[in-house]
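Next come two complexes, and both contain chain A; in the first it sits with chain B, in the second with chain C.
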Partner chain A sequence: MSSVFPLRFRRLSESSLVFANEAGQFFKSNDRFLERLDNEKLTKSDQEFLFDHAMASRRAGDINEMSYLHRLASRLRPPTDLSYVILVPTLRCDLACSYCQVSRAAINAKGFDWSDETLLNVKSYLSKSVSKRIQVEFQGGEPTLRLDLMSQIMDFCREHFEESRFIICTNLSVVNEAFVDIISAEDVFVSSSLDGSPDLHRKQRTNTKSQTDEFFKNFSRVGELIGDRLSALPTLDSKNLPAPSDFLDTFDHYNMRSVFLRPVVYHGFARKRHPTSKDHQSVWQKFYEACIYEMIARNIGETSDFYEEYYLTLILKRLLRPGEDNHIDLRSPNWLGYDHQLIDYDGRIYPSDEARMMARTGQVDLSIGDVFAGLDEEKRGALQGRAFNALDPWCSQCPYQAACGSDPIDDLARHGRADVPKPATAYCQKHLHIFDFAMKLIYSEDKKNQHSLALWLGLPSPIFLGDVLQ
Partner chain B sequence: MKHTIEDAQIIQDVVDRLGVIYPDNLVEYDDKFISIRNVEAVDVPNVRQVALDQLIRSRYDANSANLRNMLYTRLLR
Partner chain C sequence: MIELSLPANFSDSSHLPFIAKLSRIDGHQTATLVGEIGDELMFQFQDLTISIVQPVGEDIIGDIVFVEPAYNRVSRWIRERSDHNTLLVTERCDQLCIMCSQPPKKSHIDMFTFMEQACMLAPQNMMIGFSGGEPLLYKEQLFALLEKVHTVRPDLKFHVLTNAQHFEEDDVERLRQTAFKSVLWGVPLYASDPSTHDSIVGKIGAFEQLVTSLPIMARAGLQIELRSVLLKQNYHEFEQLSRFISSKLPFVSVWAIMQLERIGFAKNRWFEQFVDHSENSEPLMAAVSVAKSVGLDISLYNIPYCTVPQKLRGFLSQSISDWKRSFPADCEKCSVKSICTGFFEWHSTLEDYKYGGVI
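Moving on, here comes the complex of A and B:
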């Protein structure tokens, strides 16, 4: 054998380790194999396993090397044209959630909406920057305060692009007939916030009983009108977590079984009002795993209408399928400000929502231009230095690097700099936990776990997906 | 904990990384041993394992760096 493609390893337990290469192929083994690898004394059976799994080549340029390079290349996505735009037609909002990430403006504040000139320039910028397909996410503030601006953008996109899709992120505090008219179109989706039971939702978000009742009434009404075009995201406070079963019951009540479990994010207002939100990782991790096991238990016997956690499913796909790289928080290279941009209420362009939050709270201005003068290529270029996790000295020793991502803006927001050693970053700690947990499920011999894994990945059930080298 | 090792560059890499992993402990090298000080007795087996794993990781990484570079060169050719 000429060479084993470089492996990285991580301990899953006292006696088992996961090994992976940079192309994303992985297997489980033990300390005896690690010793043989380290001492360059692989057995014939080790070599056969590695060659049969295309993780080693017998000579330069053979089929295994070509296969490895192809897999490696398929993990490296080049920068692409703008196709996902977050638009903020107004920063005003009618709620004042304590963990609002954006520092919204008061409902009657002046100067926080697009002007006629800004609207005109947003359209002009989109027509120059987007080629065929566009997905527009309306954010705020509360974007439904300016239904007129949203309607004009929708009409413009439908006319100018081959394919358009719109997501309105709204607190659903008001649902009037004009809003109902807008969301009746099949290319319009609604994303709202649902933190759990009415009591929990009121404590964290709506404050009063009347506002809470109004939200749940509106949420039910929109669900009846547009079905699965309505989705809901929870934001959970690690100091006040619900019981997993109660939490899932609330989502199940609205026929929502795909849930994206998110703790309070350390941005914007949350940075000031929830200062300890970055210190509750272990509490959150226990809650996260308990929710997944509750989902797995509820999935027994299900074949189609099953529970899943959105991000865990994404991580499983990233581990098992090269090319699953559309999520901005989980891809590498993560080219900032290319396919994904945000246009703020004042026309400034940011590479992501989090970058806008940092500018708004006065941490650092990461804008990359505006719709009036266009992109500042120099500023955008300066953001790419940490886009590629394979170049990071810590990631390049991690078995999950090929499936993981890079989020320098999150590192900047939390730590004040983008060159913090990865193990010290919240991003790395969060992802190591979920990847380890995903590996635990992949290598589980429990049929219940295997059944849910198969459901989440769209594969026949039960299924055992992990290779093992004894 | 102590473990005998030899290559200076690899040792420095291991010491640097252990310093990041254990920011509250003093990590030293004295020409023969890497020492991690002020480790609670109950944590010693785990810390020893992490340090040994890091030594192997850094050594293997150094030994396979040329192959990794060569593969990237072929990919980008």
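Moving on, here comes the complex of A and C:
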């Protein structure tokens, strides 16, 4: 007789359910197995299946118990030192996008840039908080309005840390020689926004034809200069979605086949101008799946340059690989304000980009200190209570809990409080959809799907990724 | 091939054996260079004069050597410029693997004192291997050596190749100490079917013992490198082995899949043991894919670059030790020679592989 590590389950279809334990090991089975499990009447072959797949142990300290505990522990990383910093050297911007996520300041506004004193304190704060490696993301506003500040931070980091990496998030409306000079360094990456076809991009962002043309000209030029150090994120409006095929064509045109599909986020200015965006989930989900299937259809044949959706690949890795926890929107425990922080134009420190948006729109002040006085440990500590999804009464029943994450700041931003029942949150709904969809692909017998899964996970050949108990 | 054992002449052949570092300048436990006549180097160690003919194209200065005047021999235990230094703990073994590259012997000479001295003299940050036979037949001495060296030389790393038959519950507390954080334990596992594994290692119950030992090692927080050799005897079960490792052994640090070495027992049994992965790469591809899907680190050892499909090439490792690595003449024209692991000196040929050749 063996003891089974506790299982949670969820229906995948009329005839199938997914079962998983807290360490994230999963398999597909049916209602008959659920009944046997419920009545504690597992057959010999049920028990053998569970033992062979290391989901039950025969005695304390045996190999299966060790593997279960190890997986569990790998998913519970302790907090680490600050290593990912978003810096906002200025809040000013030269565009006025309809769904801007931050409260931007006008191009000529005063008092929205780092002062000399702020810059000095940012440097000393970083040297105290970062140990060896740093990744800096410059955000805005439009950070390229202050190339001088960016340069100084880059020089400082390269000198002080063993390894530095910089990402400039820019609208690319202006590309001058000083900018070209900065991005020529191999440790500098450029992330821009590309919403799809020029027409769509103009409607959502650049407004005029001349600004749109200028953006596409700059985008191509930077692509030629730095190759795959340039990436682009689309922001998609579920009221105005492109055809998946046209959308992928645009990205393919710029050699970008790895795309991060995100709908407009219900934050900041976007919240005021697009009040219906939270009701468009099913429209969005349909579009999302259509895009993935279009990618799969294009991935046929041997190719090293394949299409993938960044977040789906991340979800697949989280399902299959304990310890894959580098993405701060999808991890638990989500140690807020530890390894990842944002330093705003005024020197205030936030646990994430979203947290500063809420402060700017006056919802709630989630700052956890500033670069002058340092961290406010008490405020940071207060955020941890809901950062651990295993302690949530809803999540702890969900088979995807181990692979999923927790984002109390997102819950706060969208629902005004962090203790809404999980199934009612946008975070939960979005993730349940992607996890269910990932399961559908994992258990699909269609060779095309299996081929793409292998590409996304870096496998030499397609294999069965999910076990089935008949 | 790099010579590890060099003939030497001594001013006093009755001098007892010792460990010394060959050096140009006088220092702690050095045999100091005092003269050069052509290829012949003269060293002074206390009152003893040693003369060694330096092998062509090699530099032995800096090496840590085991000197045996009575046998007119100097053995290069730790070569300063090599990443492949291994000390032989014993030639005894309690398994008898059908393809053993270093067939065991009954006799044992205790060299722990010399090995400890050699480690103390090793260059900064070096990784030193311990092999056998089965090193853990002398568990107490080996653990003590690792602990002692660590207190003086915390910069050193170790690799111990062991069949893991001798870890016990009582070892856990001791192995949790920091000294053992510097050790990577190489443990062979040849099949997930107990009878296949047992018949390959020549010991009934070996698999069962492994399955008991591995969680003990994990509980002690040891770093484990699993090693599996490709053989006719297990190749068809390789995907199954990978599934076993992927589901039950998430705590291993790396899985090394190794092609057979034509030496030792494998030499005379080559055709009943060697399996040509280039002819049928399916089991290898599937095994790598399964392990990769769960995020396990995989390394393919002793596999020439040209003999595997493109998709497996990213997993290849330059595993063949420098002193036994060689290339057949044709490879001179190959564009990827510098990243290829090559061949074992004693069997440097592509003839075993159906597919492969200059790229």
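Everything that follows uses one rule, which is that the second predicted complex is superposed on the first by the 468 of 470 C-alpha atoms of A that agree within 3 Å, B and C clash if a C-alpha of one lies under 4 Å from a C-alpha of the other, contacts with A are read in each partner's own complex, and residues count from 1 in each chain.
Methods note: a residue touches a chain if its C-beta (ideal position, glycine included) is under 8 Å from a C-beta of that chain, and two chains touch if they have at least 3 such contacts.
The structure displayed is predicted, hence computed values, not measured ones.
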item: Touching partner for A:A424 - first (chain B), second (chain C), both, neither; value: first
item: Touching partner for A:R92 - first (chain B), second (chain C), both, neither; value: neither
item: First (chain B), second (chain C), both or neither touched by A:P460; value: second
item: Touching partner for A:R321 - first (chain B), second (chain C), both, neither; value: second
item: First (chain B), second (chain C), both or neither touched by A:R104; value: neither
item: Doubly contacted residues of chain A, that is, touched by chain B and again by chain C; value: 61, 65
item: Complex contacts: residues of chain B adjacent to chain A; value: 17, 20-21, 23, 49, 53, 56-61, 64, 67-68, 71, 74-75
item: Interfacial residue positions of chain C with respect to chain A in the complex; value: 211-212, 214-215, 218-219, 239, 247-251, 282, 285-286, 288-290, 292-295, 309, 311-312, 315
item: Of chain A, residues touching chain B in the complex; value: 3, 5-9, 11, 14, 22, 34, 37-38, 61, 65, 68-69, 72-73, 394, 396-397, 421, 423-424
item: Contact set on chain A toward chain C in their complex; value: 25, 52-54, 61-67, 70-71, 74, 317, 320-324, 454, 457-463, 465
